[in-house]
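Got some structures for you, see below.
One chain, chain A, links the two complexes that follow: it is found with chain B in the first and with chain C in the second.
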Partner chain A sequence: MKSDDFLSKNISNITHLLESVMSAEDLCRAPGLLQGLDARVKVATVVLFIVVVGLARSLPILGGIFALILVFVVLSKIPLGIFLKRILIFIPIFTAVIAIPALFVTPGAPLVTAGSKVIITEQGARTAGLLVLRVTDSLSFGILLVLTTRWTDILAALRWFRVPSLFVAVLGMTYRYIFLLLHTANSMFLARRSRTLGTFSGRENRRWLGQALGTTMAKSQHLSEEVYLAMLSRGYRDEGLALNSFTLRRRDFLWAAFALATASMLLWSNWR
Partner chain B sequence: MHIPDGYLSPATCGVMYGAAAPFWYVAATRVRKALTGRTVPVLALFAAFSFVLMMFNVPLPGGTTAHAVGGTLLAIVLGPWAAVIGISTVLGIQALFFGDGGLMTFGANCFNMAIVLPLVGYFIYKVLSSNSEATSTRRLVAAVLGSYVGIVAAAFFAGVELGIQPTLFHTAAGVPLYAPYGLSKALGAMVGGHLLVAGPVEALATGLVFAFLQRTHSSLVKADVPGKKEGKIWLLWGALGVVALATPIGLLASGTAWGEWGVDELKDLGLGFIPSGMQRFADWWPAPLPDYSLARMGAVIGYILSAFVGIALTALLLYLFGRMLTRKGKDLATEQSPSERDAPV
Partner chain C sequence: MGSLRFGYSVNAIVEQLAVTTFNTGRIFEASGLDYDYPGNIAALRQISLTIGPGELVALLGANGSGKSTLLKLLDGLIFPSGGELLAFGKPLSEKALRDGPFVLEFRRKVGLVFQDPDVQLFSSTVWDEVIFGPLQLGVSKDEVVSRGSEALKLLNITHLRDRPPYRLSGGEKKKVALASVLSLHPQVLLLDEPTTGLDPWSQGNLIDFLIGWADGGKSLVFSTQDLDTAEELATRVIVLGTDHGVVADGKPEEFFSDPDFLLKTNLVHEHSHRHKELVHRHQHIHDHRH
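For the complex of A and B:
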């Protein structure tokens, strides 16, 4: 393979990722419906909605939930195009590819027939539809949470929900250093590419990648030691403290009541 | 292998959280003890590294590229329990920020990729590399094989989790509610795909990085404490046993879908519809029928047995292979290309 392809692919991947995270952080500050809510309430209701999506067993309910998500998106001042691009590009299309064979192999009442031969069964269509809609709905709720909540607030909310401090602290620091390491890696790829005139063999590229990864790993180890010493010298005592103080406002209660009512209504119509 | 939300039933997701919890607990206590104050920065930096590693496209001989997980590599450098927490963290960030994997399936994904993968991979590495030099070829082969078997084992569990869905969770009319393919198809796709494509990619990435670390940072590669080895191995055997016992956990999970064997049998007979009498019978599926508990126990035992037989066979093969390698280690060493010590930047 051409070395240029492989390097460019990695560079563009990493750059896209960094960009998408940056744009998400901008959206968290927009004055929308979900941005104005308490992070704890948001985390809890999003989880509730995802569970409802998991339990739903009919296409209309799952379709209705997606419509509701789009309303939330508009009310939270997230550009619909950006949201749909983020949601639909990756997982649901992939899921659709997985679901397509189910259209044809699931036995059941005929939906599409060619002559006397049943091609697509009703059960098959339902199976595929359920899977794709369910995946889209759950994914949308997760993305909605991230697009409207600052990372530090999510971490503080996790801490409030009694997630062990070790996990929350590691989660928080990991997120920070991911960007540093991605940046370092991107510089490596760029440096390599700017020095490349001809083409390298795949073998050569693989060896280089092994070295790049190995070096990054050794760097992370070195960095962790330095970070630890820096933390220690600033009085770190192996315990994290979240500085956020949460306050529940009227709209948080309203939102929670709305979420509970919607969830119970959906579940009621689900099992009716 | 990141299972998104919607592929697994909430019951399965709950059970998988339950299955992952004790491992997280053990990992957290062990890691805290071993790394003391360093725990947070060390885990965070290595988790960040493993995120970066998962992002990279590895150039493959066919001209395409693919991604690796790097779980075994992390387990070798950091120790298996630290890897459990590190990879769980990465999976959490991927699920939250990039929609890669889900929030409900987080437990299942962690079980497969952050628990089974590094523990199995590390165990095999440990068995094959015992008493070898940090820079020996045997150690490299052990890392490569460990990562390969580790990822295939993880895929096996993912396949089982996905494959039990249509049998356990479907509507009265037989429409699967979650992942639509049965055990044979799901296992075939997951294990087959990982045996042929993802496994070799993982092995390749692990081998490349490991070989580089051996040449330039051999202190990272040999992290085992002398004298403690025996205890650690038994611990890993124990963990493996628990993992194997967890195989049928999805079956134990739900009291649902029980009146429906009849429906399946009808399907096997080639009927495309369900008679109304059957339908009525199938309608009260949430009530577990006591008569079936024996058949159900049979399925559970079958799962456990097959898991243990599989593990025993793998262990035996690897043991023999390890023996062979110890004898032929020197012959293999000649295949190594001359080392290059230059770092990429």
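For the complex of A and C:
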């Protein structure tokens, strides 16, 4: 049953992982620093910080930004363990494939050698380090935003920034239906297992997985057609209207000023 | 309550609609309706019926007889392959519902609760779900908030307000789906299998609620497989046959006291069942308490 277990564990682990990563309702309601801010201000300042991270060329600055993020995490009453777990899940996925080869293929001064052979160069390590830290910082800001802001508020803020309503609607629906489709995939696997004795070969498993993916896709298409009809039925006319109740308070202006000052200082240190 | 969007006066539309409904005395008029699925598979054949204000209509029929399709046609979500369908005296066509004042007028008056609540609950929270309809129909912001709160209160689900729909139980999802349509303040409620998947207690509650809701002269058209629900709720029954046409249309008591008719239309069947130690086979209708 090894390959079956592999499939089963993967499908159910992906479901649980996505559910735990994406559902942070309790944290969004915690009385922390970022939770108390207007969603528009948070979205704008997070984008600003991500731009700064993208422009940063020094490892200490990127490290300093990560330290700053951890301070925000603590002040927002998010358990550090939960936050770091979310980051560590994504960093290997996003960066390992790209960063690891850079360690070995970038020419430069030797850092790690085996006999007379240079394995890792200083420039290679720096390039890989920059990449990993940039991804870590950018991702951390994104996760910080998601953990401290209700998804509906993020979507409403995007609409306020005139992001096309179709794009926002697609984002919202993806979030809403990904769980339903994952549970469907899980149930399909359990239904198969309940009718199975013995083991399947890797080839049979791959064939089944292909069929299951096809069926899930067909189901998702049918679902999307039905959802559209349900939207039409309640008056949707290709332009989703939303009720925004944003209010800017003193703390929002203070945070925006702090973010602008910090970003300017980081950029100045970067180009100094 | 007037609308600020779309350039139409909601009050004028409501008045016009009241006049239209009053003049024709009918909400829906269908004559010779056909509907085919892709590949020329028949879903409905030669459906002719009228539905008036204040009627509580149960659509009965075996699986695949076309009940859900008929409800979608009545809600103007799909359009017939043949025949004519009028709503409030006006043709319910793709063109009429594409733009113009009629679409707004129609959507404000007619609400459909889908069989699968997951289809209907597409917003990120319960609150967003219940205010979606009024928002799209151009109701003022204060009125949107008031209608949303009222719908949640009506179905006793105010505590679910900030919950994401995918985390709700089946019964809760059904209630939220109903609330999301009730916030439109419809005059006609179309429900596709409203009691399916609910436990007996929730079924009873829903039936009580719908009887109370329809008491003020509103119309209800619902599909069901459950004869008890039809008998308790409906004042009129329309039965669709396996040939996808109307095989009967009348008062519930006319049909439910005719076992041969119920058997012929696949609404009951002979099956084996147990009476203590005795297992035997005959058609089966249960009496029930009210």
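We take it that the second predicted complex is superposed on the first by the 224 of 272 C-alpha atoms of A that agree within 3 Å, B and C clash if a C-alpha of one lies under 4 Å from a C-alpha of the other, contacts with A are read in each partner's own complex, and residues count from 1 in each chain.
We take it that a contact is a pair of C-beta atoms (placed from the backbone, for glycine too) under 8 Å apart; a residue touches a chain by one contact, two chains touch by 3 or more.
Here the structure is a predicted model, which means the values were calculated and not measured.
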Which superposed partner A:99 touches (first chain B, second chain C, both, neither): first
Chain B versus chain C as contact partner of A:249, first or second or both or neither: neither
Touching partner for A:53 - first (chain B), second (chain C), both, neither: first
Partner chain in contact with A:175 - chain B first, chain C second, else both or neither: both
Which superposed partner A:215 touches (first chain B, second chain C, both, neither): first
Touched partner set for A:152, first chain B, second chain C, both or neither: second
Partner chain(s) touched by A:233 [first = chain B, second = chain C, both, neither]: second
Which partner reaches more residues of chain A (counting touched residues only), chain B or chain C: B
Residues of chain A contacting chain B in one complex and chain C in the other: 172-173, 175-177, 180, 223, 227, 231-232, 236-237, 240
Footprint of chain B on chain A - complex, ascending: 1, 6, 9-10, 13-14, 17, 21, 24, 46-47, 50-51, 53-55, 57, 86-87, 90-91, 95, 99, 101-102, 106-110, 118, 121, 123, 126-128, 130-131, 134-139, 142-143, 145-146, 154, 164, 166-167, 169-178, 180-182, 185, 187-188, 191-192, 202, 205-218, 220-221, 223-225, 227-228, 231-232, 236-238, 240
Interface residues, chain A side, partner chain C - complex: 23, 25, 150-152, 155, 172-173, 175-177, 179-180, 223, 226-227, 229-237, 240-243
Residues of chain C touching chain A in the complex: 5, 72, 75, 77-78, 103-104, 107-108, 111-112, 114, 116, 118-125, 128, 131-133, 135-137, 141, 144-145, 162, 164-167, 180-181, 184
Residues of chain B defined as touching chain A within the complex: 4-7, 9-10, 13, 24, 28, 31-32, 36-49, 51-53, 55-61, 63-65, 73, 77, 85-86, 88-90, 92-93, 95-99, 102-104, 171, 173-181, 204-205, 207-209, 211-213, 216-217, 220, 267, 272-273, 340, 342-345
